[in-house]
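Labels run A, B, C and D following the written order; every chain starts at residue 1.
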Amino acid sequence: MDFLAEQLPIVVQQLIAGLAYGCIYGLVALGYNFIWNAVGIVNLAQGDFVMVGGYLYAASFVPVVASWLGPGSAGSSFWTALLLTAVGMVLVGMVSQRIVYYPLRASHPRTIMISTMALSIFLKNFAIVAWGTYPVATSGLFGQKWFRFDLFGLGTVTVLYQYVFILVFTAILLVVQSAFFSRTRLGRSMRAVAQDQLAASLMGINTPLIIAITFAYASILAGVAGVLLAPIFLVSQAMGSIGLKAYTASIVGGFGNVIGALVGGLLVGSIEVLSASYVSSVYKDAIVFVVLIAFLLLRPQGLFGKKVIGSL
Amino acid sequence: MGIRSLSMKDKTLIGIILVLAALYPLITNSYMKFVLMTGIVNALLVVGLHFIFGLTGQLHMAMAAFWGVGSYAFALAVTRLSWPYWLGVFAAIVAVGLLGLLLGFPTLRLKGFYLAITTIGFGEIVRLILLNWAPVTGGVFGVAGLPRPTIGPLQFGKNQPFYYLLLAILALLTLAARMIEHSKYGAAFRAVHDDELAAEAVGLDPTRLKILAFVLCGVYAGIGGAMYASLMQYISPEVYTLERSQMLAMMLVIGGMGSLPGAIMGSVLLTFLPEVLRFLQQWYLAVYGAIVIVIIVYRPTGLWGIWVRATEWIATLLKRRGDTRGAA
Amino acid sequence: MRRLMMALVTIMVIFSLSAYGADNPIRIGGLAALTGGASMQGQQAREGALMAMEDLNAAGGVLGREVQVFMEDSQGVATAAVNAFRKLMDDRKVCAVIGDHQSTAVLAFKPIAIQNGIPVLATGSAMAVTEDANPWIFRVREYDSLAATALVNAAIKEGYKKIGIFHNTDQFGVGGRDNVIAAMKAVGMAPVATAGHNTGDKDFTAQLLSFRRAGADAIIVFTHNEEQALICRQFDQLLPGVAYFGSMSLSQTSTIQMAQGAAEGKYSATPYTLTNMDARVQEFAARYRAKYGHDPELFSVLYYDAVMMVAEAVKMGNSDAPLSVRDNLHKIKDFPGVSGLNYTFNAIGEAVNEIFIVKIEGGQPKAAFKIQG
Amino acid sequence: MGAEPLLKLTDVKSCYGNIQALHGISLEVYPNEVVCLIGSNGAGKTTTLMNIMGVVRPTCGEIVFAGKRLNGLATPRIVSMGISCVPEGRRIFPALTVEENLQMGAYTQRGATSEIEETMSWVYELFPILKERRTQMGGTLSGGQQQMLAVGRGLMARPRIMLLDEPSLGLAPLLVEQVLGAVTRIKQEGVTVLLVEQNALAALEISERGYVLENGNVVLTDKASALIDNETVRKSYLGQE
């Protein structure tokens, strides 16, 4: 009981952080899944899109927008910069797919994978040239503010407002997304293309365009993840490493599954924080990957996937 | 057997090895010579990767881990255990071969991008172990003072003899790879690549074949890892990253998937490319990435494809000139 | 056969293009991570080194000859560092190499430098860089045990008894950890907890909470800028009331900015601080700011000073032969640097034997006291 | 027939990769008739349809629909001109509801919501089971229901001509009758039908004319009734000695 009393607040505190990171992984994982569903490839530069989103937001748009709107406009400048970032990411996604996917669409997926790797190298190093080598700090809506609350008299838990914001923002985003996919013509045609490209084009859908839009949307998700992370992390070229965790999340959840991506993200986030605390902080990434490999061997379809292994 | 009876690939292979042999004394500065040596070591690894990535079509992204374990097995055997040089190389081969077996077994059920992420995860695990298991690996401080080889009275301590030794090893291993490729195993690997179910239907065992490919790759990576350690004479864990695995895969793809001459061309070229681009200062790796994208997108058949077209073009050109001469 | 000849000729043309003569200028090499995770420090190094070159040439060069500084990218990785070093040595024919600021990279090319007789003015802090006292290897930076001892002494002086160590798992962090433990042992203490993190980690909740569990009243943090800033931020939430002693990176303007206020009240150890009112320091900082638009940092001044010392050694020996440069570097006495330090290389090639303990106040690293090594 | 053909293929050749699949197909479909293409597996029936839809580009020859050349047009353009295709294997969207599937069928009918709803109620009238199941996911329907959904989805585009690829494939005899019966009713509504079938007898029974394809060539064409009686057709395609 004593042990519990001592550990519980700490576990809760870490879980909140883990869930917030999980949401971020989930958002990026969703991007993997949409592209996977639509064209059956994995974009290995997806993680670097997070970095590009973070830089666009923190280094390019925030300073400009803040100077437009003047002092004391933290709220509106956040939303404006977020919107501009999303627009920027649409361009990034569209242009990238036009260059590294579209010309190769008939090639072996392996070739496409390599071209997305090259894109990843390009983006990492382009960031150095475009935004410099100094990591960028930005404050978002809440900066470094945190609050404490008492956990049933067991102890106090300290939480960053930004963590809560990430959780709420992700929840709202998912609700909006689900409405978009079921209620709008564009959303439905994106689903149709993901399910059957030939049938979709026989319906008169411009499939190449819808695929480009899917890439753009996946990029927006990555960019938003970058914006949400920017205040708690620093924006630097190493931010792209988040892509691997997100890839893991999408596998754990069941590749190609929307709910799976989120649940997988939350699971990976929690495993990461808890294993850092209770197993080994330097091997935490290794532990995440061990879990991944175990999943692939024991339940390759993931938590929510159908029992089919994606063929190449 | 005359040179005419050899296939285009074989002729090119011989040509490449000869060019590489002639190149070394032609290069006047020892920096470029050293880059060339690095290129040969990369080629050893890429030829190994060819078995999995090229022949069997499996997305193996843990090549840096294979290479790292090879380097460390060799380095620890010759320093900590004071084993003789070639026994150390043998230890590296066995270690990475076993690693290939270890990775091959559980991941056989996985295909495509599932295999890719598994191997990426595996590579990261190995990297973290090399970095943090300090009592055994020396941790961040790496292993220093690694020897260059001797064979009987022959000394390979200097760069030039070591270069020709590396080249000889590359030639031998490429020859072996070529023989495997043309044997029934090569055909079987290709069958697994094209259609696993069909391969199974004709009585091949894709599982065993894939394990075999992983083990073969491990053997090559073991030699490559040991040679790298011997070349640098110092190894440290920050080298064996996912980025390196990606670079090696790119070398293979840029070279032209599924062709040995392409694998060597790709390795040497992509080793030189960033060095040649250094004058671009901090732009150079961004430009490197862009060049790789351009090559892949506009020539998915890689350097091998370009070479084939170029030789065809030259051949028709020569023939046409011959024809007009004949007409005149 | 004709095909083969054509290929050969093409390759020969390409390589002959990269060779050139004209040995007139004095060539100095610099190595730093211009790409990759440590490129921030690399950029500072580059800016400092190039500024030194311009200053030298504006003053008429050295021995009446132009000075050329070549900066190459080491990526902070052994393989790339060896290639870059060889390029400087063979291609650029430099008379000395400054850097790298990552000790791993230095250890990788050190044997080549010794074998080929190129003096190296390393800026990595690991003990292994100079411990074999090779005459070719110099260091223009504080060494790990100096910083570690200073931080431990500062913590003890401020009255802390239960000290934890938090370190990066790279060469810098692990070296720092070992030296902190050694320094504590020397005064009969042991750390209450030790935790590590990998380069690129962003969330340190678990490690910081482990210090809380161990009841630490102070922690010593050996890591680089980005992680240092993030740890400062998370530390304030999780370990209120605990003292914080950070390695050199915490004293840097860029880290203090990245920490967004979380660096306040924390200590760091550095041989160079902008709050040093020495005229040399201030004059240089003003010129640097005017040129690059941001403050100089430790690596900016170290690379600047190192280039200046190589130039001095060339002048002293009236020659840019590496051997002469090496011998004259050893003869340099109290060379005044823009870092505020006076450099004299000792028997094993160390030049920085004093270090400031600074406390961050109002976003500035205020020098608290100075410790001699 | 007299009138201009609605759809006319002249000497269409086409390749899949390096394999030539069509060696010069010519055929005509007149307004408001049901024409069937019969032939064994690999005869080029589906390829012909894919050429009409612009999914596969013919290497030579001409495809004309209602006086307009279709060669080189993109599939969406072709669909919006009034050709719809019910592909082989049905290919309904498994994770879209029945109603969403039908809505996708009306993708090219921009704007007019009331018209789309009108068409949908007509489809529901034609296949009442779809109305019952309209909130169910397409993938959960039985084979026959999926075929009806596929046909219904094709009708949602309000086509002038509908291409039906193997609608009876894998269906129980009772369902085959139902689906092919629907074809007759579709025709009564003024839609022209080009039907591809392996079940040659059933297809010929509801068609006016038929074409027999072999190895990418038209080998025989006649009135449907005449084909049923044709000796070779009986032997090769109707399984009758």
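Criterion: a contact is a pair of C-beta atoms (placed from the backbone, for glycine too) under 8 Å apart; a residue touches a chain by one contact, two chains touch by 3 or more.
Everything quoted here is computed from the prediction, not taken from an experiment.
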Message: Among all chains, whose Cα centre is located farthest from the one for chain C?
response: D
- request: Pick out whichever of the two, B-C or A-C, is joined by more C-beta pairs in contact.
  value: B-C
Message: Can you tell me which chain is nearest the middle of the complex, judged by mean CA position?
response: A
Task: Please report how many Å separate the Cα centroid of chain B from that of chain C, as a whole number.
output: 35
Message: Rounded to a whole Å, what is the gap between the Cα centroids of chain B and chain D?
response: 52
Message: Report the inter-centroid distance (CA atoms only) between chain A and chain D in whole Å.
response: 43
- prompt: Using the touch rule from the top of the page, what residues of chain D touch 2 or more other chains?
  reply: none
- prompt: Among the residues of chain C, which ones contact at least 2 other chains?
  reply: 34-35, 39, 169, 196, 198
Query: Do you know which chain A residues sit against two or more other chains?
result: 125, 128, 282, 285
Query: Where do chains touch, given as pairs?
result: A-B, A-C, A-D, B-C
- line: Touching chain A in the complex, chain C uses residues 34-35, 37, 39-40, 42-43, 169, 195-198, 200, 202-203, 205-207, 209-210, 213, 225-226, 229-230, 233, 236-238, 254, 257-262
- line: Residue set of chain A touching chain D in the complex reads 182, 185, 188-189, 191-192, 195-196, 198-206
Field: chain D - residues contacting chain A, complex
entry: 53, 55, 74-76, 79-80, 84-85, 87, 91-96, 100, 103-105, 107-108, 153, 157
- prompt: In the complex formed with chain B, which residues of chain A make contact?
  reply: 36, 41-42, 99-100, 103-104, 107-111, 113-115, 117-126, 128-129, 244, 247-248, 251, 255, 282-283, 285-286, 288-290, 292-293, 296-297, 300, 309-312
Message: Can you tell me which positions in chain B touch chain C when the two form their complex?
response: 15, 18-19, 22-23, 26-32, 34-35, 38, 128, 131-132, 134, 139-142, 144, 232-236, 238-239, 275, 278, 281-282, 284-285, 311, 314
